[in-house]
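The same chain A turns up in both complexes below, where it pairs with chain B and then with chain C.
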Partner chain A sequence: MKKSSKFKDVLFTLAFPVLTWLAMEILCLLLKDKHVISTMLDIKTIIRNTGIAAVTAFALSFNLKEGRFDLSLGAQRMAGTIIGGLLAMALGLSGLWLLVFAVVFGFAFGILTGLAFISLRVPPMVLGVGMALIWEVVPYVISGGKGLNLFGVEGMGILTESWFQILVVVVMAVLVYILMNFTRLGYETKAVQGSQLIARNSGINIFRHAVECYALAGALVCIAGVLDVSFSTQMGANLGNTSNGVVTANMFAMILGSYIGEKSDSSVGILTAAFTLTIFKYGLSIMEFSDPVNSVINMLVFIGFLVFQANRHVRGLNKARKARVELAKQRKAESAAA
Partner chain B sequence: MNEKKQVNPIKKILESRLFSQIMPVGLLLLLVLVFGIITGGRLVSPASLKIIILQAIVVATVATGGAFIFASGNVSLSLGATTILTATIAALAYNATGSLLVMIIVAILLGVILMTASALLSTALGVRVMYVTIVMMTMFSALQQAILGGSTVALPYDLVQTLTNNGFMYIAFGIFFIVCVILFHFTDIGRSLRFIGTNNTCAEQTGISKAKYLLIAFIIAGVGCGIGALLALVRGGSIGTSTLPSLNMDCMLALVLGGMSIFGGSKSYVYSGVVGAITVVVLNQGLLMAGVDSTIIQAIRGIAFLALVAASQVRPKGLPAPEG
Partner chain C sequence: MKRLIALILVVVMAMSFVACGNADKPADNSSNTSSEGTVDVSKHHKIGVATVHSGENWEIAKTYLETVIAPTYNFEFVISETLSDANGLIAFMEQCYAAGCDGFINLVTSNDAISQGAHKADELGMWFVTQNSAWVEDVAELPKNIGHCGADPVAVGTAYKEAFSEYLSDGQPHSVILFEGAAVGGDKGQGAASHFYSAVGVLEAFQEAYGLTYDKPIADLVNQQDPGEVNTGNPDVHIYLYPGRNPNDAVTALLPVLQTGNYDIFAAVFSFAAFTNAISDVETSLGKDIKVIGTAQIEKQTKTGFETQDPTGDTVLNSAILNDLSLACAINCIELKQAFDGHADAMKDNGKTVLIGVRSWAVNGPETYAKMEKLNTSPELYILTAEDLLHYAEAGITWQDLDNLLADLASVDTLLERKGLN
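Let's turn to the complex of A and B:
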């Protein structure tokens, strides 16, 4: 019985990327007479984009699972990656060190954002808007408005290697899996997800927990930043609260991942969702849709999914209510007859 | 038996309605005074004041409409993206038809349609407001990029000049503002939205439909976005993907600086958007004229925003959750 259920869960999880690939393959063949994946470059791009989407979704999940959306994550990503990159370059170190520095700075920005949250106690979205304005200024000032440019810099080659990107993403997925399933943080996350008030009354330090979530999110989002800059070779220091677009674009992967994860685990779910959406977006680009149109289509699908998710239990609830009414009527008729 | 509870008089003053009404205007006057002195009177010269009003008018219009949403305790992040997308399509409509009336109708209707779609997703289809507002913001920005590519849409110079000289911006804003004041302070709409913002459960139990009033709030905000789009077009003469990138943030900052609680409720005022928008511009211009680097001004705005939001709320014992 259990084996059959597990098998169904695996099928459910695999169905998302497989069916998406199949649908995009058919559409690409019909419309453009092309395959979704035809060269090694396609595979490399899909691996990299999956990695960026998955790591960003992991970062979002730490806070979003508890109802907090950190709108400053994009600015933290930008600040951590640019400052980490500039430091690694200044010291003449390799790409691996760039990654390490970016994670450290992301962690620090995350802690500071978390501390601001528990000190000011303003709604997370509002805090995110204010903090984004502040964090965006930091890399701009430090880089003199130039941002980060890795073009032609020696020692950064490792960041573009597919095996390295896969390794980073797998390590992150395993780390998040361990954190969420075998540590105090995971236990506290589940408790706060249920009820923050009850969690607090049962002795959980929700303030420390929130700072930990912000710190981990900051560190993870900078890994995504490094994976991104490894390909594009440059990251601009943008102002005007425009840095969060790259993060919000990956919210779909996080929400879809949580849904898929109901049948397995949220880490597996997010990884699967990131892969699925990457194939979907890649398929659209093979069909020669421009990036903005691709983004609009993605958001429309996202809205459709949100509507489905918000209403998926409604039918069941209505059915149960009708059954209750029927039962009550039956009982009433029985007691009247007696 | 009849012991009176000791109340801190300063706290009492700070939490009073009168203080929340006077404080924003006082803050604005203080900023004008301080920067007026620092800049040797340049900030308050007629030319400078005109620039301040022109810069504030778009934010003031969109924020005035947005005040209806904020009063209900909801935060919208898609006001800016809605306004810019609306302005883009309205400009294209003018260029296609050459009719000013068509441009005005398209702008207002589109603003209303886009905001109504956002509202219906949450009120009728049950999607969380936090998700709706973020998805809409991303989608509208992408849609504008898809329409424009890398180019900009410009209105004919003659049209912009005629509208500017005829005071179109002041008339459009004035009419919208007066209607909003009436709706917000003298009708059931404003009262119900403030009630929902103060205590959502209590409001629903007294028969106020949250879904209905939230929809009305979004529609009014949509009209604000439409008029804001027209004003942005007339003020700038053209619209591109980099036009007014921080409009949403400026609207939120304006509302907070204008004395509105980010949590909405009884201390919500429709004029907050106007007072706040002027305050934001005075702060920006004043700091610029005082020689502060424009980059640093962004950080100062962020700090001022967070400080004022924190000051405008009663600090909760726990952490704010769960709706963003």
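Let's turn to the complex of A and C:
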């Protein structure tokens, strides 16, 4: 790739957060006479929310990009975080161990979900609903319906430290980058994204690959759960398939990340998209819109982007078609003249 | 391998059903004696309980239902998982009817759920009581609908007013951020009445303390959908109202407001703990103490709030407006017991249901809470013991008696005296 092209790609990637910040800054100044970022605490909040959104979007991307929408991810997040947290608290261990336990449980729940998928061959969304109902019950029973409450628990402070959250997110982004670019998993992912049938015929074990994707998604989504609960201090053990909303809320970050990633890399794209959308949402908060209005604005922007995604090649295709027609007419005229 | 995996999944699924039902063995007592007479408890009754709650506070109430009320009245409870709407309620009611329930306690508080539930109960022939804070008129005369009992919304507002008055009486200008939850429409049966009156209580306390001249009636201010600062007419007193049902969204949205440094009190009508990390961050950043007042329950989290220090050396929680689910559950069960014994009319006012309000308690400081926290920790320390339950199940007890009982328990001092904790 030429240097100028690389520079353009970097500009393209940076343009999303910079332009979003600029737009929100202007709107905030005009409507509320306030800045999007005024103090270090604003930066801390944006870092935390970016981290949660990015890690969740990474988790979603493992399966969704291959056509599997795992609707049990929210339940895995809840189960892994609550059980990991309860175990760490029972053993009197620090927040770091909570994170480790949550990742281990998330990984295990992911593997079990993946094994269920390849064994039962039920469509992923249908399986996801069923597995979500099962995984939701596990933390409910283990916590006696109480969920996880970290309020006032000693040793959890590290989880709310900005440096720790940045470290976790950067490590995750690097890990995903390495996995997707320098390992068998990344190679297989690209092949399966192209065509599952061709990938299978070319010798890729698509079943093992699916289990690996489920397992990684489960582990990642639990990291997001830990980052979330460390600040809000509590996570309820909710039943009735209500756990997935927090995961699907980050679908926009994943899809926008995939688009941005076309010019760089998927992991860089998702991280940039999560950062962009966090600034956007934070700006809306500064403008003091109510929760329902915020939701409507977010969804309108999301739908607008999906419309753009679905139609962005139309102009080029029409242009190419017109060129073909012109060429055909020209050839016809030439042959008639001859 | 596939069979083994399928078998493991089936076992996990089967074990998970353990949490979906709660079939306690029926008690074998045939009669219980109160201090003034005998209440017949020979007939076994099965009661469905549709809950919207989860967490420690609900577990305390469940323990009370199962270990105190069930053996006292010869009741058996079938308790739902956490429900959220009318559809879930109706489906659960039908399951309970099939399981032989003849009474039902509904904790799903939306007006449509109460209305549909009361009609369904009438159709199925089950006695029906609701635990909520608002009276629903359109089903008030249904024969099987006995009534409502829940946190008295006006009393919650009074408790907030009482709690705030203590802080505002020092002659200094104070400012507050209020997370008012589902207050919008709470006076019209659309939101949560207790949240609405909590916000009204706070605004009234400020108005009285500083002679504020709001630019709108207080009810209109509370019913505003958008968050924002109230025009107080006093440049030194700021009041910021944030309506919203999701504390996590509220934390993010309120951080920039907290950081202005204009506010020295934060109040939350629920989930105060979700805001404590954010408040601690702001306290550290600004070097300023922010008092926290919140609606809470008698549970470990509240104790932690009163015992944990914030970065300025003050306690994380400064005042709590306490509600008690167990007490409301007890009143609901007394109403059902009266109905089973043929006295449903005594629980109504001229054939119409009534709302019996459990008064909230304003607890300022850890010393008082240290006494309150002993409540609900043993059978004799529940606010209503087995003996009280039998007394209020006697013939001749009316809804006014229950309301008077709750009015008597409105004062923290009276309550603590009654339980021998003062």
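Criterion: the second predicted complex is superposed on the first by the 336 of 338 C-alpha atoms of A that agree within 3 Å, B and C clash if a C-alpha of one lies under 4 Å from a C-alpha of the other, contacts with A are read in each partner's own complex, and residues count from 1 in each chain.
FYI, a residue touches a chain if its C-beta (ideal position, glycine included) is under 8 Å from a C-beta of that chain, and two chains touch if they have at least 3 such contacts.
Just so we're clear, the structure is a prediction, and the values are computed from it rather than from any experiment.
**Student:** Let's test your reading of the overlay: on chain A, do chain B and chain C clash or fit side by side?
**Tutor:** In the arrangement built by aligning on chain A, the partners chain C and chain B clash.
**Student:** Look at A:Lys281 in the shared chain and tell me whether it touches chain B only, chain C only, both, or neither; answer first, second, both or neither.
**Tutor:** So A:Lys281 only meets chain C here.
**Student:** Once the shared chain is lined up, is A:Thr45 touching chain B (first), chain C (second), both, or neither of them?
**Tutor:** Second partner only.
**Student:** Considering only the touch criterion stated at the top, classify A:Gly240 as touching first (chain B), second (chain C), both, or neither.
**Tutor:** So A:Gly240 meets both chain B and chain C here.
**Student:** Is A:Phe164 contacted by the first partner chain B, the second partner chain C, both or neither?
**Tutor:** So A:Phe164 meets neither chain B nor chain C here.
**Student:** Considering only touches as defined above, state whether A:Val293 meets chain B (first), chain C (second), both or neither.
**Tutor:** In the superposition, A:Val293 contacts both chain B and chain C.
**Student:** Could you look at A:Phe302 and tell me whether it touches chain B, chain C, both or neither (first, second, both, neither)?
**Tutor:** first
**Student:** Check the residue A:Phe105 against both partner chains and state whether it touches chain B (first), chain C (second), both, or neither.
**Tutor:** Neither: A:Phe105 stays clear of chain B and chain C.
**Student:** Pick one for A:Phe69: touches chain B only (first), chain C only (second), both, or neither.
**Tutor:** first
**Student:** Touching A:Phe16 in the superposition: chain B (first), chain C (second), both, neither?
**Tutor:** neither
**Student:** Using the superposition on chain A as set up above, list the residues of chain A that contact both chain B and chain C.
**Tutor:** The overlap between the chain B and chain C interfaces on chain A comprises residues 116, 120, 133-134, 137, 140-141, 145, 239-240, 242, 290-293.
**Student:** Where on chain A does chain B make contact in their complex?
**Tutor:** By the definition above, chain A touches chain B via 66-69, 71, 116-118, 120-127, 129-134, 136-137, 140-141, 145, 196-197, 200, 206-207, 210, 239-242, 245, 248-249, 251, 255, 290-293, 295-296, 299-300, 302-303, 306-307, 310-311, 314.
**Student:** Sort out for me which residues of chain A touch chain C in the complex.
**Tutor:** For this pair, the touching residues of chain A are 34, 38-42, 44-45, 49, 112, 115-116, 119-120, 133-134, 137-138, 140-141, 144-147, 149, 151-152, 160, 228, 231-234, 236-240, 242, 281-282, 285-286, 288-294.
**Student:** Mind listing the chain C positions that touch chain A in their complex?
**Tutor:** 2, 5-6, 9, 12-13, 15-20, 54-56, 58-59, 81-84, 88, 225-228, 243-253, 255-256, 259, 271, 273-274, 276-278, 281-282, 285, 300-301, 304-305, 307-308, 316
**Student:** Tell me, which parts of chain B touch chain A in their complex?
**Tutor:** Result: residues 75, 77, 121, 125-128, 130-132, 134-135, 137-139, 141-146, 149, 245-246, 248-249, 252, 262-263, 295-296, 298-299, 301-303, 305-306, 309-310, 313, 315-316, 318-324 of chain B touch chain A.
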